[in-house]
Amino acid sequence: MNTVTDKLANRRNVLRGMIGGAAVTVGLPFLDGFLNSHGTALAATGAALPVCFGTWYQGLGFNVGRWLPDRVGPNFEHNVELKMFDPFKPRMNVISGTKYFMDGRPLETHSSSWQIASTGMLLTGVNSGPSLDSMIADSIGTRTRFRSLEVSLDGSRGSYSNRSGGARNPSEASPAALYARIFGPEFKDPNAADFTPDPMVMARQSVLSAVAEERRSVMGQLGASDRARLDEYFTSVRQIEHQLGLEMQKPSPLPACSMPEKIAETKVGRTVVESETNNKLLAQLMAHALACGQTRVFNVQSGGNGLRKPGSTQTWHSWTHEEPIDPVLGYQVEVTWFINWANTQFATFLHALDGLKEGSGTVLDRTTVLWQTDHGHATTHTMEMLPILMVGNASGRFKTGQHVALLGDPATRVGLTMQQAFGVPIATWGQLSNETSKTVNEILA
Amino acid sequence: MRPTPINFSKVRFALALGLGASLAACTVDAPKSAAVPAVLAGAANVGVPGLEPITRRLTPEQYENVIADVFGPAIILGGRFEPEMRVGGLLAVGSSAVSMTATGMEQYDVMARKIAAQVVDESQRKMMIPCAPAAANAPDDACVAKFMGKVGRLIYRRPLTQTELAAYVTAAHAATEKAGDFHRGLSLSLSAMLSSPKFLFRQETLEPDPRNPGTMRIDAYAKAARLSFFLWNAGPDQALLAAAESGALNTAKGLAGEVDRMLASPRLETGVRAFFTDNFGFDEFALLTKDVVLFPKFSPRVAADAQEQTLKTIVDLLLKNRGDYRDVFTTKKTFMTQELGAVYRVPVINDGPNGAPDAWQPFEFSADDPRGGILTQVAFTSLHSPPGRGSPTLRGKALREVILCQKVPAPPAAVSFNIVQDTHHPIYKTARERLTAHATESMCTGCHKIIDPMGLALENFDGAGAYRTTENGQPINTSGALDGVPFDGAAKLGQVIHDHPATSACLVNRLASYALGQQLPAGDAWLKDSTAFFATNGYRLADLMRRLATSDGFYRLKPPAEAPKAQSASAASAQ
Amino acid sequence: MSVVLTARTHALPFKLAVLATAALTVSVLALPGVAAAETRTFVVGYFGQATHNVQDSECPAGINPDVTVQYLKNLVTLGYSQAEIDKMVNQSADNEGGSVNEIMRMRGRVNGQPTNPYAYPASVTDPKLNAMTGGKYAYGFDLDGKGAESPKAFEDPETHQAGVDNEMARAFGCSRAFRGSVNARSAYWSWAWAQLKDSQPAWVITITGADLAKDGDVTVTFDRALHYLKSNIDGTPRADTTYRIDPDPRSHNVLPGRLKDGVIQITEHGSFRMLQNPMVVNDFKLTNTHMRLNLKPDGTLDGILGGYQLWADIYSGFAHSAPAMEVCITGDIPGLYYLLKRHADAQPDPKTGENSAISTSYTLMAVPAFVVSPDGKLAGGG
């Protein structure tokens, strides 16, 4: 066989044979097809670039009445507080109205929300569940150098990424240190590196090959319409074989992979000035790390609580408690400054991912970043009417450009949806009232 | 067609001729008292020779139940099952039409590997696998054969053929060599079995019928599967497979014995719940939304509890108390949680500690309470309402279609619903007034006359199922008539539904269609006979299920148009 | 007396045959010696200090500064030079406010030694925070009975009663986090409620009278439930939920009162005690208790609860969450100590003559609920 088209032609002949109902003995192994999900031929170099997932945890929410979009569904307009995301609007969803449920458990104001946002439950020591990013990393990130990368913008080493049992993945706060970790001497150019196929993939291929004949025997006794249905089954199986086939090949070159310039030490701290500087650098590093296939999952702890303006000991968090609501404007002015600032940082990060072009797309195009917060209303620290943002459709895994209202539903619906879209094999997620088996179908492609 | 005035005795006659026909006409010029279902349409088509053999995809619940039966309930599966499809009011019928997309297959593949990995996990394998390999890193075909043969019987719902078993042994052998680990190899072979079409699809195998030479029948294993999915919503257990293997299932006595055993099992409740969940379309709760401003109490928990309340009501009445099916429309007995109590505005006392999950409590409405029967429960009234209001039309339509098996035509195109939807209309304060104004549009009148009166009787329940006596300050009028029988209020409507002959006939039709995965033709003699049996035996659900499952009509088969070539092929399920 | 009327004979919970439409207003059969009575039950959906701060003129000496500024003042008080302070502030930008915060967390002085200022507030020099000296209005009651003659009396903004004693309103009325009104609840109290409402056992109210649609004698009972307040999906308190009373006698208050024109005023002014979660005053106690409750046409209830409260209890509610509470909310916790001490107006200590209690008022709102007695009977029967 010479070309992909030849193989395809043969495959089609085989299929026709089966539809015709004949018990055809097929000598052709089932493993060498090259079909994408539409059944069309896929050039060996045309394999899709891997999808990526990131979280962005920003404390203290938004101002009630200043972020909720004007209408539900597509064609919404961003409210004032989210205007900086206008360039991403067709590629993002705003999800409103969800809650974290305490179920009568004592509230530890800031940690309870994060626990539910990241793990779907209040942590219970060694029984604590893994965070959603690590579940997704298990699905999409097992073959990369780093299972996930965590960074913080507030100088801390904390993160909301953990495996079962509650041990946290520490964040890197220093861009220089992150540079050394990713692009230091251990870095291997993925486009130059040797390729060793995963023996488990080979094992799966051999299994599919061994049972192929046995499976086809199901067609024997079927009526015509059932045969057509089962034929779809076999088309879908070939898609899996195709994916395995791709995994057996050296991955396609990563077109946007390049070494970023070495980064000098910067000051790590909790003022907005330091945070802003480091965010720019960390965003570039993360974009390059994704472009170079070093990881497929990342977590950003943007913080909130401890951030302050230079020269002030008053933090964003303390402003939320202490600042009176401006009687004319109807919101807390200082708090609003911080919200605007923080959103601008997120937009900067997104622009960095979007700035790395890969063919006709960008790194952001094959990524989804999930933005979550701890409170629906910072002044009262309530955990209702939460804003959730997601940007990027992970190469078409999500439908974007919508405002989806999930009034009163657990926020875990979104986490469940993310995990399922990235192939995590779970049907339900969360505990007690935070448990859900309802995905947000509006955003699933 | 011109409907004529009718009373129930005529309806009964009409039903005998053809149930499930469409209310095709909804004629605009229908006389005032003649809002009649067009059940006369269709006419007699009695004595259908047989049914097409069908292949059904396992539903998510069935998949889950089989895995739990084979490997224990602690196995975590997961993944996103493919969407189901409703045909003729039932997902069970739709399961005969759906296939498998690439995305769905990917999920089944992932689930299968996840399940298999748990089965061979070091902590589990001693319990799960009846043998240990000779070496941990080398193939052991005998051990694989032993294990796969054992679980394969439950997964394939029949013994594996030698060819099939050999394929899985070969698969495990090859995978073990590649992965360098016996259990990894075994787990990949098992996962291939769990994503096999022979597991995921319920194919019914035919064999020549020795009693009627020249004709075919479904074989005993296919019979066993029909029974178990019908009665338990799960695969056959070992005892049922043994009855198939011994041929007992092909004897009247053996079949009756197995059916009785299954009906006596607590698993019957699982099966009954699955049927009513499907029949009532509770899957649509997943897409149900309510306006939070108007219905702030309608939480996801309320929605979940509301479905469970209706199912509990039914199970308690029909199974635990062996009651009359028709009483589900009148019973004052139900169950409450604290969450539901807030919607019903009734006290619900439980003894759980602070924050404990709501516990179910038995509850009985007083004799004069407007609530009674499942139509007045939150599940029905809220499911058949748009986000911001109640809807007599949607509720009336659901009642006609789900409870009475009568098809209501879709509204004509280009109709304005402005008045109907305007709950703040300055003139038309109540839904009745709005619908009356709307239905003056001539093309709407006919259908609305047939569907609205029953819905209007439920107008005391708002869009989230809470009780009310006024709308926009106007008292709500809940009087109406169903097929000529007048009533006032939801409780009386329940009584009219209770007494309506289509109610029980519809249940028989739906239950049989559910069990067989296909819509049964109008006028099917077996259905008629089953309906008569149901009526003369106290309308008991379990008795009806026994009758269906033990009757020949349940297994009759029309051979496929094309002779099954696989009969002669080596890969067919020869034993 | 506690009136838990259980005249109906249904065995709960197996046959709760309650007419759904009339579940909230349940007439009960006569008990011996008691006229036919009506019972209405509620769950408290908000509770916090009643504040009425509407204009800056209430604070002629100014609103107390936020914590940043107050800490700088405290540094001066502690004897740091301006140069030292400037240096520290510059450094604090580098080390996350570290040195200033560290000093503040040990700013008390006992024999010249740094001391925890929250546990020993008297070890801190009084920062002399401003009190509300310019305001005319405060919610509450004429507790001392002196009427408008009382030198420090306020006028109630709702009832316009003169002679209202509410020195806590005066003490906290110029601290940002406490300033608020009916329409814009204070940042501190609304935050505190939001933290508590989903986890602390709810408070329930039972009102019994011959006919609650008419004027007459009533009994108001406050109890603590075993369950936390249930909320609607928009976060508002959920009506018509069932709560069971905690048998703990510490949170059981029976208050005789009189209903007139839809407003209940209690007529005996004894003590009042309810347990709360420890983030606020964990043992809420009043003496000379006054209360008015408005039975509103929509079935809900709101009202004002007033009386004298031990100011040490109020202080400890803030102090045991310090220093986090200080940075977040109050600006200066020892400053609040001095404010409370200075404005205390009742219950003088027999030895020192110093007042141990302060006049205060709280606002509450409640929604209809079903209330079940500790022995499982529905209040008002069933």
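Should a chain be cited, it is by its letter among A, B and C, assigned in written order, with residues numbered from 1 in that chain.
Quick note on the criterion: a contact is a pair of C-beta atoms (placed from the backbone, for glycine too) under 8 Å apart; a residue touches a chain by one contact, two chains touch by 3 or more.
Just so it is clear, the structure is predicted and the values come from calculations on it, not from any experiment.
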Which chain has its C-alpha centre farthest away from the C-alpha centre of chain B?
C
Winner on contact count, chain pair A-B
Report, in whole Å, the distance between the mean C-alpha point of chain B and the mean C-alpha point of chain C.
53
Separation of chain A from chain B, taking each centre as the mean of its C-alpha atoms, in whole Å
36
Chain A and chain C: spacing of chain centres that average the CA atoms, whole Å
45
Interface hub residues of chain C, defined as touching at least two other chains:
199, 227-228, 232-234
Scan chain B for residues touching two or more other chains and write them down.
292, 298-300, 354-355
Where in chain A do residues touch two or more other chains at once?
102, 104-105, 407-408
Where on chain B is chain C touching in the complex?
292-293, 296-300, 332, 336, 338-339, 341-351, 353-355, 361-366, 368-371, 467, 469
The answer for chain A against chain C in the complex is residues 99, 102, 104-107, 109, 155, 267, 269-271, 306, 308, 310-315, 317-318, 321-325, 327, 379-385, 407-408
Residue ranges of chain A in contact with chain B within the complex
21-23, 37, 97, 102-105, 199-200, 202-204, 206-211, 213-224, 226, 228-230, 232-233, 235-237, 239-240, 243, 405, 407-410, 420, 423-428, 432-433, 436, 438-439, 441
Give every residue of chain C touching chain B within the complex, in rising order.
12-21, 23-24, 199, 201, 226-228, 230, 232-234, 236, 238-242, 244, 370, 372, 376, 378, 382
Listed in rising order, chain C residues that touch chain A in their complex are 66-68, 71, 89-90, 92-94, 96-97, 100-101, 176-177, 179, 184, 187-188, 190-191, 193-196, 198-199, 227-228, 231-235, 277, 327-329, 331
